[in-house]
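Letters A, B, C and D name the chains as they come in the text, with residue numbers starting at 1 for each one.
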Amino acid sequence: MAPTRERDLTPIPLHRQLGLTDEEAELIPRLLGREPTDPELVMFSLMWSEHCSYKHSRPFLKAFPTTGPAVLQGPGENAGVVDVGDGWAVALKIESHNHPSAVEPFEGAATGVGGIVRDILAMGARPIALLDSLRFGELSSARSRHLFTRAVAGIGHYGNCIGVPTVGGEVSFDARYEDSCLVNAMCVGVLRHDGMLRAAASGPGNHVVLIGNRTGRDGIGGASVLASADLSLDDDKRPSVQVSDPFTERKLMDCCLELAAAGAFVALQDLGAAGLTSAASEMAAKGGVGLDLDLDLVPLRETLAPAEILVSESQERMLAVVTPERLDEVVAACRRWDLDATPIGTVTEGDALRARAGGEIVVDIPAGLLADCPVQPVPLVPAPEAEPVDLAAVPEPDDPAAALLALLARPTIASKRWVYERYDHLVGAGTIRRPGGDAAVVRLPGTDRAIALTTDGAEWHCELDPRGGGRAVVLEAARNLACTGARPVAATDCLNFANPEKGSTGWRLREVIAGMAEALEALGVPVVSGNVSLYNESLGRRIYPTPVVGMMGVIERAERSVGHGFSAADDLVLMAGAGEPRLDCSEYLGEPLGRPAMPDVAAEAALCAFLADAAAAGLLRSAHDVSAGGAAVALAESAIAGGIGAAVDLTGGRRADEALFGEGGGRVLVTCRPEDRAALADLAGEVSLAEIGRVGGDRLTVRAAGADVSLGVDELRSAYERAIPEALG
Amino acid sequence: MVRFPGSLDHESARAAVRAAGGGAELAWHADAELPAGTDAVILPGGFSYGDHLRAGAIASRAPIMDAVRRHAEAGGPVLGICNGFQVLCEAGLLPGALRRNATLSFVCRQVELEVADADTPWTRGLDPDRTLSIPIKNNEGAWYGDPATARVVLRYRGEDALGSTDHVAGVANAAGNVLGLMPHPEEAADPLLGSTDGLALFRALLKARPR
Amino acid sequence: MSRVVVTVMPKHGVLDPQGQAVAGALRQLGFAGVGDVRVGKRIELDLDGDDPAAQARDMCDRLLANALIEDYRVEVAS
Amino acid sequence: MSRVVVTVMPKHGVLDPQGQAVAGALRQLGFAGVGDVRVGKRIELDLDGDDPAAQARDMCDRLLANALIEDYRVEVAS
């Protein structure tokens, strides 16, 4: 094999251009026992990027609970899988496509959806739901409006066309995301326990088959250039944009699921970041076998060099291991779906990942080495503790009703109808609770059960107190599920952070994960999959620490799910949960200020259990989590959704504004029939449950510490619904 | 139930037919014939051929469409839902064309419909005063055509975000046996989903079926 | 092999919402002199065989254009 | 008032799923000689003001084309 050519004309060494550190470049020849070839060096550079190797975050991730009786597949595969009863299982995973979306929001967001769907497909699961978690700069910025509207269009384009409903998600706006927007997509699939596929290749002599789109110069260098470098918005990082092809993805789904059901695959893996390199090395390393690939056989869209073929990120491709006996069947099924299926290599004994081109071996490395990137320790510099809000320095609102309308019209709080009406949130006839509530509820096909799905973030809280914020994000997700009557079963997470080598970001990462782990332990919810996206900063502006939690819960009887809208006059309004509202870390203050209280994980776990019990017993008419904007906004949202008002007295808080708009404390607004009040109180046990008013009429009237807010439901709706369309002009 | 590459709603539509008391089999776009004993044909919703070129255009030229045409010409009932409606217009089996929504965006929402013609196999017996609550979800759902000559079967009540001529949500051929609808009755066929108004169409057909 | 260019435009008299939206967006960007805008398709095909123009017209009639709402034009480039 | 024609085509090397789908459909209709097909946009604009070609190029840079994945061409027809 030819060693690396000398490049004396290049002042910057190749490894640095590829993003490898000098230490890593010295380590590679020692591990290999020789100098790497150029294609090998490129492969190392991609596989050893943070994006593929988690070299900065890996040690911290160990804090997450990842096991439990329901876990069929924890982290380490393309997606996590959990049991949901009767032989059925659910696969879930969330992933970021932040940097590609900042460069080209439509295609970046669309291909982000495509990628996460293929991760679910690779488990042998049928994708049944998508969620998207988005962060952009303020809508007053033209660039943010562009990124937001185009990213939403891209997600819709892809999800709608492949027929997987986008049932939930979240969007918020803050100047911190002006240069580094966040686009995280989550996919959920269903499968039979015995139909689960894994990525581990096996059986020397078996074929390695590439299925789907041809390979082109898409996203070459994408994994390292786009995902691991500070983004300074210059043009020369742009030539490698991937164009989405959802029609081919749908055919890939239909065809692979047909073949998976027939048991035609030994193993299945999607091609994502680092393309063939990542897919092939993972399949080989997981299976403890080698792979021999002939790059000349890879169907190309244009002429490519061997290294380019190895790292191309062309979309809509899967890699399968197939026995010689079933090869014809696989190829024939793909032809029926008008998809290319090309045997490009074989499984071998040993552990070598080999690639040939033009008859010569251009790559020959132990597959495991690519996955063995040395950990890069990050500095752990604590950030100073935030000061509590000094209430005396916050003027009381002259007109609390106007303050409520203004809060409802803040884009971060306002109705996201503009977004979810652009998504097919129904396809598949399984969406029982549509977007707009606390969590989506989707029928579990073939059973009487439903699953509830949510994604949540708590970035202001994480900025002010990373440990507490880590707890808060998990608890909010669980509370949102519980509001629909679900018991949380499993979580997936995407950790969006700034550059971990700078300032306190590394410390924040560790603290957030520790806080998340504490809440997950208290709830008994394992993390089964996830993703890390670092370096979300540019031009000196870093994003807030933004962990996004995707959570799935089960509702035993689908017809018992609960909505967030008030349901009928004379129902009682109650506040569940005893936490105190605080203006610290409230949307009302308009920016992350103060020191939010440390969430009480035990109390909140009990609250979630109570809500699920109450829903199962048929005692809840509605339930809605008190979050951004406080109790007044939660009441308004329930009134708008139900089309009926209420009269309520709010207690708690040190002043009227704190009672109305204060946040935190793990509180949920529930309603019940008057005759069910006693039964509900019995179920509540230790969980505090206070009657605060009654549903009825066409106005929402809220009294709190002397303030009196009374607004028509139509007025509330108009402020809430019109804000985003108007901000977009 | 015809399945094209990119069809999405065939399973939901099949479930709705079953819920109404019937049964459905899938036919493949490349087949030359419908399954023996076919009483009625449904072209389900979706993004056949990725909506490339014009929605429904490529599917409308598929081999199975010759068999669908023969079935229609012999008076057999045909229902095209959303993409199926687009296919039927492109195939010339229904009048008019479906164009980009006036919003220039995909629209997914519950709408209210009025029955303008209760004398097709798919609407016979429906109370003309009844309002049906059924969702729409499409990109190219604005019907363009001449409502004076076309047989309009369903109209949007109130606002029509799509910008169809004369609020048209569904049209039939002159004989009434071929119907195209933008709304998705299969998404309103189960009490769990909030509405069962879509079942009425499948039930009407099953009642009218020649024994 | 000839290169054929097929142009498909919305028929005159048929409302073109996409063209209208583009015109509006351009005016909003400050292009005050924008009048009517129409958006159509340009399809470039490599074609083998006899009489590429006739082939392309046949393609238009059978698939590429919808005569109800669109007009087409065929040019043989090489 | 000048009539300007803007042609926007997918960049060379960039995946064109629409072109692929149209090529496949044409072959299935029996047009055996169909090679590569690429589908783009044709935008016809009526423009008032000086230097319509420069104006149109500016429009392409700012709105009509996506420089990452598309190339454009401007012709002034009259």
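Definition applied: a residue touches a chain if its C-beta (ideal position, glycine included) is under 8 Å from a C-beta of that chain, and two chains touch if they have at least 3 such contacts.
As the structure is a computational prediction, the values presented were derived from the model and not from experiment.
When the interfaces B-D and A-B are ranked by C-beta pairs in contact, the top one is A-B. Subunit B and subunit D have Cα centroids separated by 33 Å.
Subunit C and subunit D have CA centres that are 9 Å apart. We define each chain's centre as the mean of its Cα atoms; on that basis subunit A and subunit B are separated by 35 Å. The centroid of the Cα atoms in subunit A and the matching centroid in subunit C are 41 Å apart. For subunit A, residues that reach two or more other chains under the stated contact definition are 245, 247-248, 338. Of all residues in subunit C, those touching 2 or more other chains are 41, 62-64, listed in ascending order.
Shared interface positions of subunit B, i.e. residues touching 2 or more other chains, are given as 49-50, 52-53, 58, 61.
Every pair of chains in contact is given here: A-B, A-D, B-C, B-D, C-D.
Across the interface of their complex, subunit B is touched by residues 17-18, 21-22, 25, 28-29, 39 of subunit D. Put simply, subunit A touches subunit D in their complex at residues 103-104, 107, 213, 216-218, 238-239, 241-245, 247-248, 301-302, 314-315, 338.
Chain contact summary for the complex, subunit D toward subunit A: residues 10, 13-17, 21, 24, 66, 68-69. Residues 49-50, 52-53, 58, 61-62 of subunit B are the ones touching subunit D in the complex. Contacts from subunit B toward subunit A in the complex involve residues 5-6, 8-9, 11-12, 15-16, 45-47, 49-52, 105-109, 135, 137, 139, 184, 186-187, 189-193.
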